[in-house]
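What follows is a group of structures, each given as structure tokens.
The following pair of complexes shares a single chain, chain A, combined with chain B in the former and chain C in the latter.
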Partner chain A sequence: MSDRIYYLDHAAATPVDAQVLAAMQPYYSDNFFNPSSPYAPAVAVRRDYEMAKSKLASTIGAKADEIVITAGATESINLAFSSAVSHVVVSAIEHDGVLAAARRINYDKAKPTHKGIIEPATVASLITPETDLVSVQLANNEIGTIQPIRDIVSVVEAERARRKEAGETRPIYMHCDGSQGFGQIDVNIARLGVDMLTLNSGKMYGPKQVGLLWVKPGVKIVPVIIGGGQERGLRSGTENVAGVIGFAAAAEKAYTHRKSESERLQNLRDRMQQDLIKNFDDLIVSGHPKKRLPGSLHISLPGIDGERLVFSLETEGVLVATGSACAANKGTRSHVLTAIGMTDAEADGSLRITLGRLSDDESLKTATSIIIQHIQREKERVGRA
Partner chain B sequence: MSKVYVGMSGGVDSSLTAALLVEAGHDVTGVYMKNWTQDLPGMRCPWADDLADAKRVAVHLGIDFKVFDFEQEYKQKVVDYMIGEYRLGRTPNPDIMCNQEIKFKLFLETALEDGAEYVATGHYARTKNGQLLLAEDSNKDQTYFLYRVTKQALEKTLFPLGDFTKPKVREMAEERGLITAAKKDSVGICFVGQVGMREFLSNYVDTVPGDIIDRSNGKVLGRHDGAIFYTLGQRHGLDVGGGLPYYVVGKDMDSNEVYVSTDLNDKSLWQNTINLNSIHWIDTLYEGECLIRVRHRAPLIKAVIRDSILYLDEAERAVTPGQSVVIYKENHCLGGGIVQ
Partner chain C sequence: MSDRIYYLDHAAATPVDAQVLAAMQPYYSDNFFNPSSPYAPAVAVRRDYEMAKSKLASTIGAKADEIVITAGATESINLAFSSAVSHVVVSAIEHDGVLAAARRINYDKAKPTHKGIIEPATVASLITPETDLVSVQLANNEIGTIQPIRDIVSVVEAERARRKEAGETRPIYMHCDGSQGFGQIDVNIARLGVDMLTLNSGKMYGPKQVGLLWVKPGVKIVPVIIGGGQERGLRSGTENVAGVIGFAAAAEKAYTHRKSESERLQNLRDRMQQDLIKNFDDLIVSGHPKKRLPGSLHISLPGIDGERLVFSLETEGVLVATGSACAANKGTRSHVLTAIGMTDAEADGSLRITLGRLSDDESLKTATSIIIQHIQREKERVGRA
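Let's look at the complex of A and B:
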């Protein structure tokens, strides 16, 4: 195994930023108090907690009392889906969190284009008078495609207007899973126009198991976890103070550096993409060429086993993901890759490379040449057989 | 140099087996045998991590890797057999059946068809000209599980770990940087998994509660939830409470009664003769003085075999119907049979 690590899987997890960790630390030790306790030091912790929530909310243009802190994105999604009882429309390339929550209700899946775009018209065609929730992700975690959320919101608004006209009383909400993309693209509730938004601290250099659901005033959700009535009764349990302090610090940093970071990542990504294309004529780059997260690069080499590549690259410290766990086993191919119309061979030969703060010019050059070598080696091995 | 297919389970033994064969200059292909598992909804499937480990080691060794899907055959030949035996009140050994039907039959045949000259596994045993010999590590020796393998299969089989002790195997795996070097050994029966045999069986066999009876006085001591769950010599889980521990000394499947006793020397717990069924000889039939092993890792004890009956020098405790007795002469495993 290599001592040096070239981490190219930022869509899976990000390291907690050093400043973020430093900001959290006192809330595990000196300031450990329960924010609901009556004495002054605990009240101070309560104030810090509320302050952190305000900062956090302001990074998406929201107010503190509109967000519910959850233990990660999956819980946030579950909470958002508590608003639905009769029918939901989700995109076919959502994260498992959304798909599993949708399966509990009557649901339809909007198919993406080959570039992974969810067309507003596709969503519109699936909305029925029974639909009470539409959920489409901000950006895809595998191929990086950024969705036209604003335009999908227009479709939901049109249905809302129709119901009002017809005197129908069933509400319809739009939820967006924004787990991927914060710090790389604009994430603002007014510009997105959604009714609920999920964010995930663990994907933006904050601690894991911290997330939030922003809920537009007036939207009715039902708590999933009940108890002491924290988070305005919408999420009980003693506040994860350190987690939220960290989440807020991480979000602020990502928000502040978004433009420069996204430009930096895009340059690195584009160069890597060109280098790979130069070396392999049969290389397929998936996702939308432009409407794609700047740090996201999804490639496929039909005939190559992506999982083998992952295992061989790790020996040199290059850490990447693949859309297919063990090609020889049916049922483990990524639903995203299948939905955008990939053949089995393309899906099995896929690598997901996601850049982030751990990627710099020098390390990426080395990682790219290692990846090229290993792909060549695998191609030779397959050719022999 | 030969073309060898290695059964890789994702554990340390089969990982090192593959590594040693590569070092010996063989053309090695790693194979994961996908056996039947019970899918528990909403849970990460238990074998996926093992499969990933096996593949990872294969890739690190630079060898080809394949998955042989034996799910259907495994279900029929091993799982159904096991359930059937329990239903009849016996205590079967599915690992022995797995070696007989899957690893050293189906896997071997499939590998040979695919171009292999030999197969190899990480069993602790040795082969020589189609004979089965005890492993160097007498504590780990797995010949007990291998006695039903045929001579023809053994002629095509390599057991590279037979000369090493388990600690040595871990050390060698560590030296080679195999990621499975420190992985915990698997225990129990793979497809039963974490749920335990009782819960597993209860999904397949309708059981009726019945009486637990003290054999010495015929008194009903309590109730059991199905006679199939009880096995000869068993002490725990009887729930009859109080005083000296009770042992299962017998059961009657027809009347659905389980008999227990506090007497460790109850005669039905101790046997001087054992009647064997479906005897398998690796090479040729043998009669006369021998050594036997009545369960995995049990000491070798002296006996004489004649007409499918074993006569023991000293009585042995809890020789359980359905289990295997394996027969040895010096360090040769000759075969064995299933207790009637």
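Let's look at the complex of A and C:
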């Protein structure tokens, strides 16, 4: 493999930011105390932990005691789904965590448009008097489409109003999996209007295996992990102090720079997209042209073998994905691409390119030209040049 | 507070070992890749992760694919209890995690002797044809008593044989919470004979919020966290690579040095115990005199206010606990001390002293004399000198 690496898979994993790591270090060594211990150094650790939760909460406009710290987005999603018992509506392009949790209950899937948008009307058509949870992601991890969460919330609110009117007592909540997009777009609980929100530290240059579920006051969830009663009884286990300090530092940094970073990524992405379109007539760019994460670029070239391309690009240090890391690992075709109506040939000829902090002007130019060369070579190989 | 700290609460938390932290660092920065991604640097991360699991497994005489990585002992315990549906037998002095999990099912508690031993006969008397799980800890986190796990397993095996004979098909498993004791005593699955074993990285100088559940081949558990299907479908969520690398390094070090460290701690503990006994006629030392973790020293002085003592000792930098960090934080009396038959006055006059790597000869001598002074002062205050 090449000595130089061009990392274009930020949706799969992000490196821990150097400042974030520096903030975490003291909590492994000097400040290692159990935050539940009574003596002053442990009380100081507890205070730092609570402060970090406050910081974290403030990046989404929430309060510290409304967030439950978890071991990542998957656990947060499992916890959010504990509120549902009878029927849930999820989008067909959710992450595996949401789909697996939904399968435990009676559920319906809302189909996206070809651009990957979940229309509020589609969600409305699936809600029944039995529905107790609607779960739609903030932005898709493969094609980058940003969902009209606020409008979907309006649908949920309308159903809530109808039930109140009809004297029905079943609650209905709206959960949003915000694993992808924090630091690129606005994530604010008041503006989104949701009842629960999942965030993932490992996707925003924080440590992995740390996440949170924000739960609106009044929303009833059932703990998934029980024991010592930490996190107000909603998630037991000795607190991950270093992890939460890191998560908060990462969230704060991503929040502070989101406008400039978002603009920077969009410029880089748009240029790469144009360069690719210029070179290949048959190139399909998926996701919504405008409502799309600034760092996301999903392309397909029917007839090309996307997987083969990933490995050939790797020889020159260009790291991209064919789809989400979980799905790719299982060797199955992406449920997202199928849901937006892609043919098998289009889906199999796909590359997911996700830019982030490791992407800069110069490296992107080089990576783009390597990608163009390799696509040309692959097209020649399959006789589609 | 004093500038110098004498940390005598290793059962509540241990600092991350410097070598462990050094081993983890590269996985935050250079090797940050998602282990499910297809390209070579990610495949290398996957290999390192699997190697770390192998190392971890080998410290208990197991194989890598028999362990499920979790976010700590509490989650491991919740996962172990997923195997039970009808009736469980737990000891009355288990950690809150086990007691909380048991409460979800029909359960009975085995009472300990005054020395904190769970007699196999007591467990046998509580097992019914409905029992599908027995859970007893390796060693108690408050009084340090080491349980006769192998003999309790024999009781479970006898019941298994009886069922086979009687044509009953309900399985019965034995889980052991080994959170306390790893690195001080032998923890080997073949010698213990258990079906499931929980270990906790945060109690063995590894990172917090990492744990494992070893599951004997053939034992059926149900995943608690579902989603992307990681850990062979038994625990979903992007892998905590840095955490597991650290856990493995910590377990290997603790395993390698367990004999010398155990001897060292026992010498320190015994001398401290003798010094305290010499000074106070009414001192009660709890736990089994011999079958006790080498670093554990639980003392009670009836009439003394243990909590007050914790805070007065803290002014001179001596950090001890009154009980487990979780219980102490809730301001409730320890269920362990009540179970071994302590009076309220004895329980309230308790200190839990747990030695570990931060304890050395010189600091222990100083800490002991500070503890003696403060007990004397407290005895004078309450008119019991």
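What we mean here is this: the second predicted complex is superposed on the first by the 374 of 385 C-alpha atoms of A that agree within 3 Å, B and C clash if a C-alpha of one lies under 4 Å from a C-alpha of the other, contacts with A are read in each partner's own complex, and residues count from 1 in each chain.
Here is the rule we use: a residue touches a chain if its C-beta (ideal position, glycine included) is under 8 Å from a C-beta of that chain, and two chains touch if they have at least 3 such contacts.
Just so it is clear, the model here is predicted, and its values are computed rather than measured.
Trainee: Identify the partner contact of A:237: answer first if only chain B is touched, second if only chain C is, both if each is, neither if none is.
Mentor: second
Trainee: In the superposed arrangement, which partner chain does A:145 touch: chain B (first), chain C (second), both, or neither?
Mentor: So A:145 meets neither chain B nor chain C here.
Trainee: Using the touch definition from the top, say if A:359 reaches chain B (first), chain C (second), both or neither.
Mentor: Neither partner.
Trainee: Touch check for A:227: first (chain B), second (chain C), both, or neither?
Mentor: second
Trainee: Mind working out whether A:21 is in touch with chain B, chain C, both or neither, as first, second, both or neither?
Mentor: second
Trainee: Who contacts more of chain A, chain B or chain C?
Mentor: Comparing chain B with chain C, the partner touching more chain A residues is C.
Trainee: Output check: A:29 vs chain B and chain C. Expected answer is one of first, second, both, neither. What do you get?
Mentor: second
Trainee: In the superposed arrangement, which partner chain does A:308 touch: chain B (first), chain C (second), both, or neither?
Mentor: A:308 sits against chain B, while chain C stays out of touch.
Trainee: Contacts for A:40 in the overlay, against chain B (first) and chain C (second): which applies, first, second, both or neither?
Mentor: second
Trainee: Show which residues of chain A both chain B and chain C reach, each in its own complex.
Mentor: 1, 307, 311, 314, 325-326, 328-329
Trainee: Where on chain A does chain B make contact in their complex?
Mentor: The contact residues of chain A facing chain B are 1, 307-308, 311-312, 314-315, 325-326, 328-329, 332, 381, 385.
Trainee: Please output the residues of chain B touching chain A within their complex, sorted ascending.
Mentor: Per the stated touch rule, the residues are 34, 48, 51-52, 55-56, 59-60, 64-67, 69, 177.
Trainee: Going by the contact rule set out above, which residues of chain C touch chain A in the complex?
Mentor: Within the complex, chain C touches chain A at residues 1, 5, 9, 12-16, 18, 21, 25, 28-30, 32-34, 36-42, 71-75, 77-78, 95-98, 100-101, 104, 202, 207-210, 224-230, 236-243, 307, 310-311, 314, 319, 321-322, 325-326, 328-330.
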